[in-house]
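Below are two complexes that have chain A in common, paired first with chain B and then with chain C.
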Partner chain A sequence: MAAVFETEISNITDDASPDTIENWDSLRLINLVAALEDEFNIEFEEEEIVEMLNFKLVALLVAEKIK
Partner chain B sequence: MEDLKYFEILAKKKELSKQNSSSPLKFMILSNITVNQLTDIAEYYLLTKGVNVVFDTGNYDNIVQDIQNLQNIDGIIIFWEAANIINGLHYKINLFSDKEYTQILEKVKSEIDLILPKLENIPTVIFNEFSSLLFNSFFRKKNKFDQLCDDLNNYLIEKLPKSVVKTDLNKIIAQVSVEKSHNSRDYISSKVLYSVDFLKAYTQFITPVIMSSVGKIKKALIFDCDNTLWKGVVGEDGFEGINMSENDKQGKPFNEVQNLATELSKHGVIIGLCSKNNPEDVDNVIQNHSDMILNDKYITIKKVNWKNKAENLREIATDLNLGIDSLVFVDDSDFEINLIKEQVPEITTVQVPKKLHIYPAEIRKKFSLFFKNVITEEDKRKTEMYANQVKRKTALAKAGNFEDYLKSLEMFVTVFINDKTKVARIAQMTQKTNQFNLTTKRYTESQILNFVENPIYNIFAVSVADKFGDNGITGLAIIKNNNDFAEIDTFLMSCRIIGRNIEFKFLEFIIDKTECEIIKSTYIKTKKNAQTENFFEKSGFILDNKNDDTKFYILQKQNIQKQSLDYIEISYGK
Partner chain C sequence: MNFSEIHIGQKAEIQHTITQKDIEKFVDLTGDDNRLHVDNEFAKNTSFKKPVAHGMLGASFISTIIGTKLPGDGALWFSQNIEFLLPVRIGDIITVEAEVIKILKRQNIIELRTDVFNQHRQKVIAGTAKVKIVEHKIPEKEVEKQRKQKTALIIGASGGIGSATAKKLAQKGYNLALHYFSNKSKVDEIKKEVEKNGVRAFVFHADITKLENVIELIENVNRAFDYLSALIIAATSAVPNIIFDKLEWEDIQNHIDINIKSAFYLAKGLKEKFIKQEFGRIVILTSQYTESTPPDNMLHYVTAKSALNGFAKSLATELASKKITVNLVSPSMTDTELIADVPEKNKLILAAQTPLKRLATPEDVADTIAFLVSDEAGFLTGQTIRVNGGINML
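Our next item is the complex of A and B:
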């Protein structure tokens, strides 16, 4: 996730969000989704992508999918 | 790269860019869709090829305006998606009246017209052809959307300058599949039309264009003989026992490979043999076997002996004055392939697959390594010219004394000054010449044309002939005449004519023709041009200043140190 947003891993806290990470914009979010789908062989619904508001929510969504 | 996940690509790109300290080329992706994932993928893949390129994306759906504002750019990629010319065009257009159809077609044509003048001044332009395939693959009949793409592509054929490299997206979609290329979810939400899988394949498809623009292409394809050019072992199975017949299932793949090699030879790729055999056995097959396609006309160099193949391949590179990394070697044997991989890892190797029916496809895959953006007359004659070079080396071995040998060549150098008909070849030389190139400045055809037309510049191109044949245009100097001094902006010679003192004769000639009394020059060090490091010193230039990579020289015209090179004749051509 740090790689997608070109930031330090230490910046990726549970609360990390577009407000705390400079490069977290809508385009990079698409890149993050592509990377996660690729990595875990999962597929997100449009509604789920809209819910990816901070790192914790992203992690929960992924955890849900790979269960 | 196909197997790498997007995260891995990001991580590896970071690693590689730390290791590569060269100053990056600047490319811009202009599009009317969102393709920002392409930047990471393409940057990563080119870094694995040793080329440092930074990709930037233009403003969304702003192709025409963005092009007008480009400056200092090494290349652009244009994604002009027909489906998004207006929102939803791919389905709306089929409800259009003829008048509406013509309006939209003319609109895009006029926008293409607007960008044309700019395209000529950008060194590398990759222009994707219009494609309807992602949306129309299920329709049996051509519809208006297909028609629009056809009409626009025909317009591109008519209008685009030949320096622009068109890219047929349908070929990439065919590799990936329509379903896996199309990112319908993100297209609807964010205009991200293409999947990561497509963008990986796209990157691989355009990489040869970028490699060619930086002069990193393979130049020679070297074959083993037994079970590589024909089925069987000539030394054991005999002349009659080997097989390369197009009418036999055993021989057919070899027949096809020989045809492919011949085709490459006709496009200027050097074809050679490196085989452990008795030379007379192999020559007999090449000259007398009725199924042999790849004959002596297309084979430039042969190392048929019982020596170590690593040694033979190194000799081939030396004989042809090529970098060892510009060789591709094909052999059937595990032993030989591993030997080369270990001892000369710079050489790209291809092992003849066990399943012979895929052998021709393996060779076709390698065509991209030899890809050249523009093919010139010199390329077409290259096989012949390199063959003459090999003859010269053989003559040298016989002559013994090098000076005597050079005299015996009867060299004749013809100089063309500011000759418009030579612009394509001149630009190509600036892009491709690495070894004997003092400043390694790369220029496009349009830049060269500007120099030719600008009275401040003089462009000298030389063609070199000797008793073995004509080498064509193989040397170049670009002189900029400032008010009180002249400056050698570029001085380069093709590797196939260096080592014959022509470079000194040529330099003396242009200095003689220069009107200024003071001449300045520079040597800019690269990884490949070490042999020219002291070239200017040898001709009497005085080192004026230097920093890490660059030496600056100055010369009073009368102080040029002429060598006695009476055996080379030089004069202006008509």
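Our next item is the complex of A and C:
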């Protein structure tokens, strides 16, 4: 996630979001989704991507998929 | 109860189950150990076959109803005629009824029919009582003192927001009447906790959708406190998701009863007290769903809460000239037991979408309620204060 958003790992806290990470924009979010799908061999629906509002939610959505 | 509040036909009732212990205590107190009351063998050889409770034991509950209910504090019971019609035995559930049958205005005297029935609705005691009502005038200085020593009735004090409000108001020095419906142990805990602030707290049970329960609750509050600054209605009930196809009218009616019928009974019951005090604050909890796109499957809840908004605003208009304010507090999803079943993801999404990036806490809501009941909120009525972190701005 830090690599996709080009930020320090220490910035990826539970509350990390577009408010705290300057590079968290819609384009990079799509890159993040693609990276997650490759890494975990999962697929996200469009409405799930809309729900990726902060790190906690991204983690939760990934956890739901790999369960 | 003041003399002016009494009218012909006014009724009160209490119930009591007669126990062996009652009889033993009566014997201890009066020394009447007549074997007909205490000796099984003796009673067996009489026409009664089993021991009979002392007649005056059953009749003593007439004193309870006069002293605590009708007319209650200030009653001077000076005459009673009585007839014992049937025996009362251990295990009998007696219902004592009092009804005002005569009022002598000049002397502040009322006459009451005082009958006692058993569980089979058989009249076991018949009689009439005469009672003088001694007016209890609170000195001006005392009124002023009580006014400074504020008091609030919290409906639903065992809930997340109700209990947070109790704690907040206790910190501000309020004496509290804490109402609960089902969670007595929780409200007992809250009572203990708030009393650490040096305030007085009383716990009362009531089903607030039932008029007789609300009347009894208000009688109990009036007996506990001469002065009441605020009524806070924070009662909640489980809100199941029901799709429209499966929704029955009863589901809607239940929520209308819990939200509006109860608020109606409570406001009616306390109106006179607030008017006399020339001060009264009513705060009612509503929901932000009434002002934004409602969630799926909650038509019953949103309908009742929307009607409650109209009720509160109309009430605010009706009571404004009496120096009684009525306001609504509309929190967004608040982190209480009520949302324990809401999926974690939904909570996280809502928190992330909220400009202040979190859910409301019970303390956020309690702080707002504490402001609305304070002197500082004297020019606010009919308003909805939205405690929602900015997720819905109107």
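Following the convention adopted for this analysis, the second predicted complex is superposed on the first by the 67 of 67 C-alpha atoms of A that agree within 3 Å, B and C clash if a C-alpha of one lies under 4 Å from a C-alpha of the other, contacts with A are read in each partner's own complex, and residues count from 1 in each chain.
We adopt the following convention: contacts are C-beta pairs under 8 Å (C-beta built on N, C-alpha and C of every residue); 3 or more make two chains touch, one makes a residue touch a chain.
Quantities reported herein were computed from a predicted structural model and do not represent experimental measurements.
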Chain C versus chain B on the shared chain A, clash or fit after superposition: fit
Superposed model, angle subtended at chain A by chain C and chain B (C-alpha, nearest 10 degrees): 170
Chain B versus chain C as contact partner of A:Ala3, first or second or both or neither: first
Contacts of A:Leu53 with chain B and chain C, given as first, second, both or neither: second
Partner chain in contact with A:Asp15 - chain B first, chain C second, else both or neither: second
Which superposed partner A:Glu39 touches (first chain B, second chain C, both, neither): first
Chain B versus chain C as contact partner of A:Ile30, first or second or both or neither: first
Gap in Å between nearest CA atoms once chain C and chain B share a frame through chain A: 20
Chain C-contacting residues of chain A that also contact chain B: none
Chain C residues touching chain A - in the complex, by the definition given at the top: 344-345, 348-349, 352-353, 357
Chain A residues within the chain B interface of the complex: 3-4, 26-27, 30-31, 33-35, 38-39, 46, 49
Complex interface listing, chain A residues touching chain C: 15, 17, 19, 51, 53-54, 56-57, 60-61, 64
Contact footprint of chain A on chain B as seen in their complex: 5-7, 10-11, 14, 34, 36-37, 40, 185-186, 188-190, 192, 195-196
